[in-house]
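What follows is a set of structures for review.
You will see chain A twice below: alongside chain B first, and alongside chain C after that.
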Partner chain A sequence: MTTPLLSVKGLSTAFGSATVVDRVSFDLAAGEVLGIVGESGSGKSVTALSIMRLIAHPGRISTGSVHFEGEDLLAKPESEMRKIRGARISMIFQEPMTSLNPVFTIGDQIMETLRQHQGMDRAAAKRRAVELLKLVEIPSAERRVDEYPHQLSGGMRQRVMISIALACSPKLLIADEPTTALDVTIQAQILDLLRGLQKELGMAVILITHDLGVVAEFVQRVIVMYAGRVAETGPVGGLFRTPQHPYAEGLLKSVPQLDHVVDRLPAIEGTIPSPHDFPPGCRFHPRCSYAKAPCAAIVPKLIELMPEHRAACIRHTGYEDRQ
Partner chain B sequence: MTDTPMNEARFQLFLDRIRRSSLPKRLFTHRLFLTGFILFLGVLTMAVLASYLAPHAPNQNNFRYRLGEPNATHWLGTDNFGRDVLSRVIYGSQVSLRIGFMVVIMNAVFGTLIGASAGYFRKLDNPIMRVMDGLMAFPAILLAIALAATLGPSEFNAVLALTVAYTPRTARIVRASVLVVREMDYVQAALASGAGHTRILFRHVLVNSMAPLIVQLTFIFAVAVLAEAVLSFIGVGPPPPTPTWGNIISEGRNYIREAPWISLYPGIAIAITVLGLNLLGDGLRDVLDPRMKVETR
Partner chain C sequence: MLRYLVYRLLSAIPVLVVVSLVTFLIIFLVPGDPASEIAGPGASGDEIRRIREGLGLDRPFLEQMIAYYTRLAHGDLGQSILLNRGVAEAMVERAPVTLSLTAAGLFMAIFVGMTLGVAAAVRQNTVVDQTAMTIALLGLSVPDFWLGLVMIYLFAVSLGWLPTGGFVPIDQSFTGWLRSMAMPALALGLTQTGLIARITRATMLEVLRQDYVRTARAKGMPEWVVVGKHALTNTLIPVVTVIGLIVGILLGGSLVIEQVFSLPGVGRLIIGAILRRDFPVIQGGLLLTASIFVMVNICVDIAYAYLDPRVRYD
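Right, the complex of A and B next:
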C-alpha cells in the first residue's frame, strides 16, 4: 500500500481529565470516502477538530500523531496550520443557517478564502466565486453571489459552505454532519452533490454522521465510534452485512427497513456515558446485551476478523471461539 | 437563545420579516427613536449654526442690563454681567456636544480595544477585566471629578477624565458581546478555512458585536453631556468665561432668587439633550436588537 493521504495514530484528545477521544487510529487513502459513525458524544466531531488542530481551550491533544501527505500536523506551528486549513484540508459543519457571517455577502465570504490562500485579486476571486457557486449548482450564481446569507435557504447556505470548502481544491474534505440540520429532500440533494463533487474532484472525504443511511449510500469504509473509542471499522458492505461489535449491531438494528414491518424498532438501552465517568473495561458493557463479567475489567483491542474489518469486542478475543 | 425548535423557527421568520424592511425605515417608524432624533437634531443644529442663531456674542457684556428679565432683545434674559442667556446657552451647546462627541469616540476606540481583547483572548480576560472592575468600583462621576480636578480645568482634561471614568463600562459591554459572537458557528467556520486571529476578530467577531456598543455609546453621550455640566458646575470643567451649560448654571446659582432664568434655561437645554439621546438610544436598541423586543412582548 502506498503512503496514505491521512494517517491518524493513537490520537487522544482530553478536556481536563475527561478523555473524549481515546487512542483513535485510522488511515485514509487519497480519494477515499470514510464515514465516522456514532451517537452524539461519541467523539466524532472532536476527532475531526483534532485533525484540523481546532480544539479550543481547555481541550488538548494529549497523545498520538496526525500525518497528512507525510507531514506531521501536530508538530506544525500555528501559522503553517493556517495555510493548510481551508486550502489542503477543508471542513463543513452541521449548521448551515449559522455558519455564514450574516453581515457579508456570500461572494465576499467565498472570496475571503480565495484571496487568503491563493492571493487572488478581487476581480479574479469574484469570477472564481461565481464559478464555484455554479459548481455547487446554485441557480443564477451571478446574482446570488451578491446576496446575504439571510436571503438564502438552509440547503442553499450549505451549498455555499461547500463551495467555500472547495474553493482551494482541497485534498481532504471533512464534512461534520453536513445534512443533519436539513430537510430530508434537501439532505438527498446535498449528498448527491457531495458525491458528485467527490468523484469529479477526486478528493478524499471524511463524512461524520449518525445517519447510517447516509453512510450506506456514500462511503467506502466506516469507523463506528463509541465513547471516544473505535468500536468497529471495516468496508461498508461487510460491516453492514455482518457487524461484529454489539454496538454496531445495535445501531444497524435500530434503522427501519422497508421490507420488514415491525411494531417497534429495537433500541440500544441506556445512553452514552459522560466523558467524566466512562465505565472501566469495555465502555459499552453497561448497555451491551452480550456483556459478561470480564467486560468490566478488560479493555478490548481492535482485532482483525476479516480483511480490513476490525472490531474491539472481547467476544472475539477472550471467552469465545476466536483467540 | 430561544430553546424549542418551534420558537427558533418562528424567531427566524420574525427576523426575516424585520430584515426585509430597511434599517432607516424601521428606525424612523419607531416613535421613540423619532422623538429622540428630532430633539437631538434640534440641539445639534443649535450647536452647528450657533453663530447665525445667537442674537448676541456669548461673552458680550451689557452692564446697563444686568440680571435683566427676558424681553424682546434678550429672549431668555441676561446674567450678572448683562450677557445674553440665550446666546450663551446656544454657544454652550457647542462645548457640550463637542465634549460629548469626543468622549463617545474615545470610549468607542478604547472600549472596543479593551473589551475585544478581554473577550477574544482568554488569557487577557482576567487581568484586563479585574482592572476594569477596579475602576468601576468608584462611582464614575466621582472618579471623573477627581481626575479632572487633578489634571486641571480644561476641555481636553474633561474629555480625558470622562473617558477614563466611562470606558470600563463600554469595555464590559463589548467583552460580553464578543464572548457571545466568538462562539458562533461562522467563527468556527472561518477558523476552519484558515483565517488568522486578527482577521477573525475584526471581520467576524467585532462587526457582529457592534449593536450593543452603538446603543451604549448613545447613552455614554447623554451621560457625558450631563457629567460635563457637573464638572463645569463645580469648577473643574472648561474654565469661565467659556459658555458651557455647567458654567452658566454655576454662575447663575448666586442669583437664583433674583434671576432664576440664568440657571433654568441651560438646565432645560441639558434635560432636552439627555432626553433626546436616551430616547434615541432606546429606539436604536429596539431596532438593532430585535431579540429583546420578542422577549418583552
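Right, the complex of A and C next:
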C-alpha cells in the first residue's frame, strides 16, 4: 500500500482537563473525499484545527501524530507549518459572514495568499485572483475582485473563501461545515461547486458536517464522531446501508428520506455530554438503546466488522472487551 | 466617499453657527453691566463709557449681532482691551505653542498608548501585559499638573537635563523645540496614553478572537501580518473614534500645562483674559478652540471612513 496523503494516529486534543478529541486515527489517500459527521460538539472542528495546528491556547494537542505526505506535522517548527497552511493544506469555515476580513477587498485577501506562498508580484496575483473568482463561478469577477466582503452575500463570500483555499492548489482541503450557515438552495450550490472542483482538481477533501444528507453524494468514506471519539468508520455505501454503531444508526434515522414522508423525524434521545463530564466506558451509553451494564465500564475499541468498516461498540463482541 | 466628505463638511456648519452664537452671547451672560465689570471696581464713569462704546455695547442688540458676524466673516476677531492689539494677531502668534503641545501630547498618546495596548493584548496574561497595564493605570490616575511639577523638579531642577519651561519654535531649533516640548507633552499626554492603551488592549483582544483572524492564520500568514495587518486595522477603527474626543481633552489640558511650564500659548492668553475680563480675547479663544475641535473631528470621521469600508460605501 502506498503512503497515505494524510495519516492521523491516536490524536488527542485537550482544553485544560477536558480531552475533547480522544485518540482519533484515520488515513486519507490522495484525491480521496472523507466525511466527518457527528452532532455539534463532538470534536470535528477541533480535530480539523489540530491537523492544521491552529489550536489556540489553552488548547493543546496532547498525544498522537499527524503525517502529511510523509512529514510529521506535529514535529515541525511553526515557520515550516506556515508554509503548509494555505498552500498544501487549506481550510474553509462554517461562517462565511465573519471569516473574511471586513476592511480589505476580497481581491486583496486572495492575493495575499498567492504573494505569501508563491511570491507573485501584485499584477500577477491580481490576474490570478480574478481567475480564481471565475473558477468558483462568481459573476463579474473583474468587478467583484475590488469589492469588500460586506458587498457580497453569504453564498458569494463562501465562494471567495473557497477561492482563497484553492489559490495555491492544495493537496488537501478541509471544509468545516461549509454550508451549515447558508440557505438551503445556496447550500446545494456550494456543495455542487465543491464537488465539481474536487473532481476537476483532484485534491483530497475532508468534509465536516453534522448533516449526513450532505455527505451521501459527495464522499467516499465516512467517520462518525461522538463525544471526541470515532464511533464508526467505513465506506459511505456500507455505512449508510448497514450502520454498526447505534449512534450512526440513530443519525441515519434522523436524515429525511425522499421516498417516504414522515411527520416527525426520530431524533436520538438526549444530548451530547459536555467534555467536563463525559460518562465512563462507552461515552454513548446514557443515550444508547442497546446499552447493557458493561457499556459503562469498557471503552470500546474500533473493530473491523466488514472490509474497511469499523465500529466502536461492544455489542458486536457479546458485550465483552475483545477484538 | 466624496458625497460623505461633502456631507461631513456641511454638517460642521450648524455646529460652528451655535458656537459663534454662544460666543457672541457670552458678554450678555455676565451678571450686571459688562462694561463696568471689565473696567473693574473704582473705575470712573468716563472709563466705563469708553469701554462700552469700544465694544459697541451701546448700540441695539441686533445691530451688535450683525456687526459681530460681519467682523467674523472678514476673519476679524476684534481688539483686545488689555493687550491693545488685534485678538486674531495675538492668537496666531501663540497658536504654534498650543498646537505643538497638543500635537506632541496626541502623538505620544497614540503612539505609546497603542504600542502598550497591542503588546498587552498579544502577550495577554504575561509580565508584558501586566507591566503595560500598570503603566496605563498610572497614567490614568496621576494628575497631569502634578506629574509636570515632579518632572520639573527631577529633570530640570535636580538633574538639569531639560529646561524648566519656555518655548523654542520648531523652525528656530528642532532639538530646542524637542527639549522644550518633552516634559509638557509627556505630562499632557500621559492620561490619554493610559486611556488609549486600555481601549487598544480590549479591542485587540476582541479582534484576535474573530473568525477572520483565524482565516489569516489558516492561510499561512506570518504572525506579524496576522497582528499588524489583519487585527490592527480592525482595532484602529474604534481607537480612531476616541481620538476626536481626546483632542478636545488635550486642548483643555494644555491650559493647565502651559501654566505649569510657563509656555506662552493660547491657553495662558485665555486664562489671563478670563481673570481680567478681556472679553474679545475670551471670545476669540473660544472660537479658535471650537473650530480646531470641529476640524479634528471631521478629520477623524474621514479617517474612520477610510479605515472602514462599511461606512465609506453607505
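Everything that follows uses one rule, which is that the second predicted complex is superposed on the first by the 317 of 323 C-alpha atoms of A that agree within 3 Å, B and C clash if a C-alpha of one lies under 4 Å from a C-alpha of the other, contacts with A are read in each partner's own complex, and residues count from 1 in each chain.
By definition in this document, a residue touches a chain if its C-beta (ideal position, glycine included) is under 8 Å from a C-beta of that chain, and two chains touch if they have at least 3 such contacts.
Because the structure is a prediction, the values reported are computed rather than measured.
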{"item": "Room on chain A for both chain B and chain C (clash or fit)", "value": "clash"}
{"item": "First (chain B), second (chain C), both or neither touched by A:103", "value": "both"}
{"item": "Partner chain in contact with A:82 - chain B first, chain C second, else both or neither", "value": "both"}
{"item": "First (chain B), second (chain C), both or neither touched by A:42", "value": "neither"}
{"item": "Partner chain(s) touched by A:158 [first = chain B, second = chain C, both, neither]", "value": "neither"}
{"item": "Chain B/chain C common contact set on chain A", "value": "52, 54, 82-87, 90-91, 93, 95, 98-104, 112-113, 116-117, 150, 161, 164"}
{"item": "Residues of chain A defined as touching chain C within the complex", "value": "52, 54, 82-87, 90-91, 93, 95, 98-104, 112-113, 116-117, 148, 150-151, 161, 164"}
{"item": "Interface residues, chain C side, partner chain A - complex", "value": "210-212, 214-222, 225, 230, 233-234, 237, 307-310, 313"}
{"item": "Chain B contact footprint on chain A (complex, rising order)", "value": "52, 54, 57, 82-87, 90-91, 93, 95, 97-104, 112-113, 116-117, 150, 161, 164-165"}
{"item": "Interfacial residue positions of chain B with respect to chain A in the complex", "value": "12, 15-16, 19, 122, 184-186, 188-196, 199, 203-204, 207-208"}
